[in-house]
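In the two complexes below, chain A is the common chain; its partner is chain B in one and chain C in the other.
Right, the complex of A and B next:
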């Protein structure tokens, strides 16, 4: 039987979709705290051949990001780098356009584009499975890929997806089934060392008076994710030192 | 060893009085901020981060291994692993004159220094120093060229690195290490070249000296056909 050779350093079985039955049950023992994330896995440097790559997994949402560049482009002659985003694995073309715009905006805010004039940085994002919070997972994967690529940047992005229930309660990183009772939510990305917000994608019918508390909660949860991302990057640096 | 991540402020006491700021560090006002993830190094008035990267960005003074891709007028176009091709004038070789031009063909490998990296233009290389001497630069004949990470190249060039010294105890070979992640090796037999190539590739993640000696010994005794 022919085998497919891959330079992926995560076992491919781990990337296959596994439907997590625990999330579907209502039993008390499996219920998460509102501030707790789903089981997560982040890895900086997944592919050997790519300029930069990162992998992020939050519950059953799994995203792989790859970076090629900075590369030359005869047509692009601006005094800063052109950042292109290619998103695969999402069928809804409207969602793809929305996510691409958000990702391009967030990435442009952290990369020193002026250091690569006339160059093109291509970011390819592959959504392996979607169980809620794709945009925040993609932002985490892209952050790891940028760090792995050695492209100069201003800081690391920490991103989180938070949903709000009708009673005003916030839930961190909800899965698709957990989001069913939500009136809306936000994908929030934050660069802690700059104190800069790079992405705020609010959806649903959230009362105006609840918006500030939702964003404050999202910011706290994003900051709680920073040590995990730091650890993944430090481990990859230590491996290669 | 301190690892800094992008956005971290570098508060090392030794870094404040250093005059030369190197790779991976940016200056904003009086503060020094990491722009790439890497291990902090401080040596002889220089500070830098040892950054792992596969994509080479040319910097003046770097010695690189280049591949000739074409000839246009008085210039040779060279691939040095950057986004654009680099250029070298035929007069930038030792002993070259209008009549005595270097005989370079497409695919030839040369060892050169980057001397002009003006933004938005192609990098320009030279194979001579200020005194018009080659000092080891020029065409590399025969041998075998391969690519490793930029981090590993910088490590091999470092005088304190024991890898090449250890390999030299077992093999007789020539090596040229370019800052653009390319390494050229030449040895008496192709078997030796293959073994040295394997040792250099595997040694990237080895820091222990005993482990390194074991690796070299194992490669020295093994048959290439294995």
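Right, the complex of A and C next:
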């Protein structure tokens, strides 16, 4: 018998689905409030091998950040440290480029690079699973990694992902399925101690007059995260002693 | 302070002092087992796992595709390099894991057929795309990767396939004729999980005996003073699946001891996996 050789290969996610009807009913009952986050877990200092490591989990979005450095032989003839960011775990190369640009901008704004002249700070971010809000989760993980590494920075950075529906309603930390009905959203990060914004990534079709209310809502939700992140950092300091 | 100076000046002598007493510098026994922690089903895909052992933490996720029955490979593995794992080492481990698949050590090829709601095989096959990520690397990568793959395959749940294509039809199967029924999920029929352990062989050149000492899960620092390193993979019925050895050692009984230690560890792993399901 001649063997069949075919290039047909259909990813499972591309096939038509036959689902149980009860699943949709269950999801309606467990709808979240607009201001509530998904179940979250943050940890400062996951591994001992790295100079700094942080882990952030929002629902089914999980991101691990690891920092190596400041390191180098001093040949980098600059008056500030060079910060490199490597993003792993995302298949879409366009998304990788977008996220890396945002992460590099936010991290460079927070770290006192001029205190480490001629050094290199390498930040490696691994996305374990993606269910929406990867950029804000990555920013949270990087914040925890910076705190664990002891690199001097201007303060804790709180980040949040907020989506907006067509009726102007805001939804905090939506998952991929919850974002389907949204017209757009924002990933917002800022340093609460200074009231200084480090990342504003607005996407979609947000009306201009709704922008300020969206950002104000996002800022409030980011402030709600500060105690959780602060507690994780304090716990890691206690564990070290 | 003086021990740290000795550690820097004469690492071999430093380790010899501890190994003579039967312990590592951190107090661990030479053949003491390291804790193995695993978690399933959190990294996306149809199956996933995170395994942490011997200073190595690895995440593994499996994506599935539907394809026609053919003799093409059904499994491809992508090991993402990192600051700790070079691309060359990643390719080397990739070929090792792929050879384990082609030797039917994880799952037989015929068990990758798509099943309908009644469990009957269809003329379609599952293609598995496995993504392995290195989260922490302070030891041998294979130790955690083999267990992570086994745990992810145990965790994998695949939907039933509804094929609107009669058996006698000679035309090509179209994409629109295939549907995924998530109301009935199937688990893969697997071979028993594998276990991989790494060892080092230390020889004290200053000693009169010059005997070879077996070290279980040596640290990177200990590896640098070992004469030989060896990785042993043990599978079903405690059979030796693969042995990768670098350097030289002459005592054959050490190899048998390595397999025994790996087999004991595999039994505990298999028992834990069964308790989870």
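As a working rule, the second predicted complex is superposed on the first by the 209 of 241 C-alpha atoms of A that agree within 3 Å, B and C clash if a C-alpha of one lies under 4 Å from a C-alpha of the other, contacts with A are read in each partner's own complex, and residues count from 1 in each chain.
The rule we apply is simple: contacts are C-beta pairs under 8 Å (C-beta built on N, C-alpha and C of every residue); 3 or more make two chains touch, one makes a residue touch a chain.
Everything numeric here is computed off the predicted structure, so don't read it as measured data.
In the superposition on chain A, contact of A:155 is made with chain B only, not with chain C. When the shared chain is aligned, chain B comes close enough to touch A:71, but chain C does not.
By the document's definition of touching, of the two partners only chain B reaches A:191; chain C does not. In the superposed model, A:36 lies in contact with neither chain B nor chain C.
Of the two partner chains placed around the shared chain by superposition, chain B is the only one that A:117 touches, whereas chain C remains out of contact.
In the superposition on chain A, A:62 makes contact with chain C only, while chain B stays out of contact range.
By the touch criterion defined above, A:97 lies against neither chain B nor chain C after alignment on the C-alpha atoms of chain A. When the two structures are aligned on the shared chain, A:230 is found in touch with chain B, with no touch to chain C.
Common to the chain B and chain C contact sets on chain A is no residue at all. Of all residues in chain C, those touching chain A in their complex are 42-44, 46, 48, 50, 55, 57, 59, 61, 63-72, 80, 82-84, 127, 133, 135-138, 158-159, 162, 173, 175-176, 178-183.
Listing the residues of chain B that touch chain A in their complex gives 1, 3, 5-9, 24, 26, 35-39, 50-55, 57, 82-84, 119-120, 149-151, 204-205, 207. Partner chain B is touched in their complex by these residues of chain A: 51, 69-72, 77, 79, 110, 112, 116-119, 147-156, 191-194, 230, 233-234, 236-241. Those residues of chain A that touch chain C in the complex are listed here as 3-6, 8-12, 14-20, 46-47, 49-50, 60, 62, 64, 66, 68, 86, 88-89, 122, 124, 126, 128-131.
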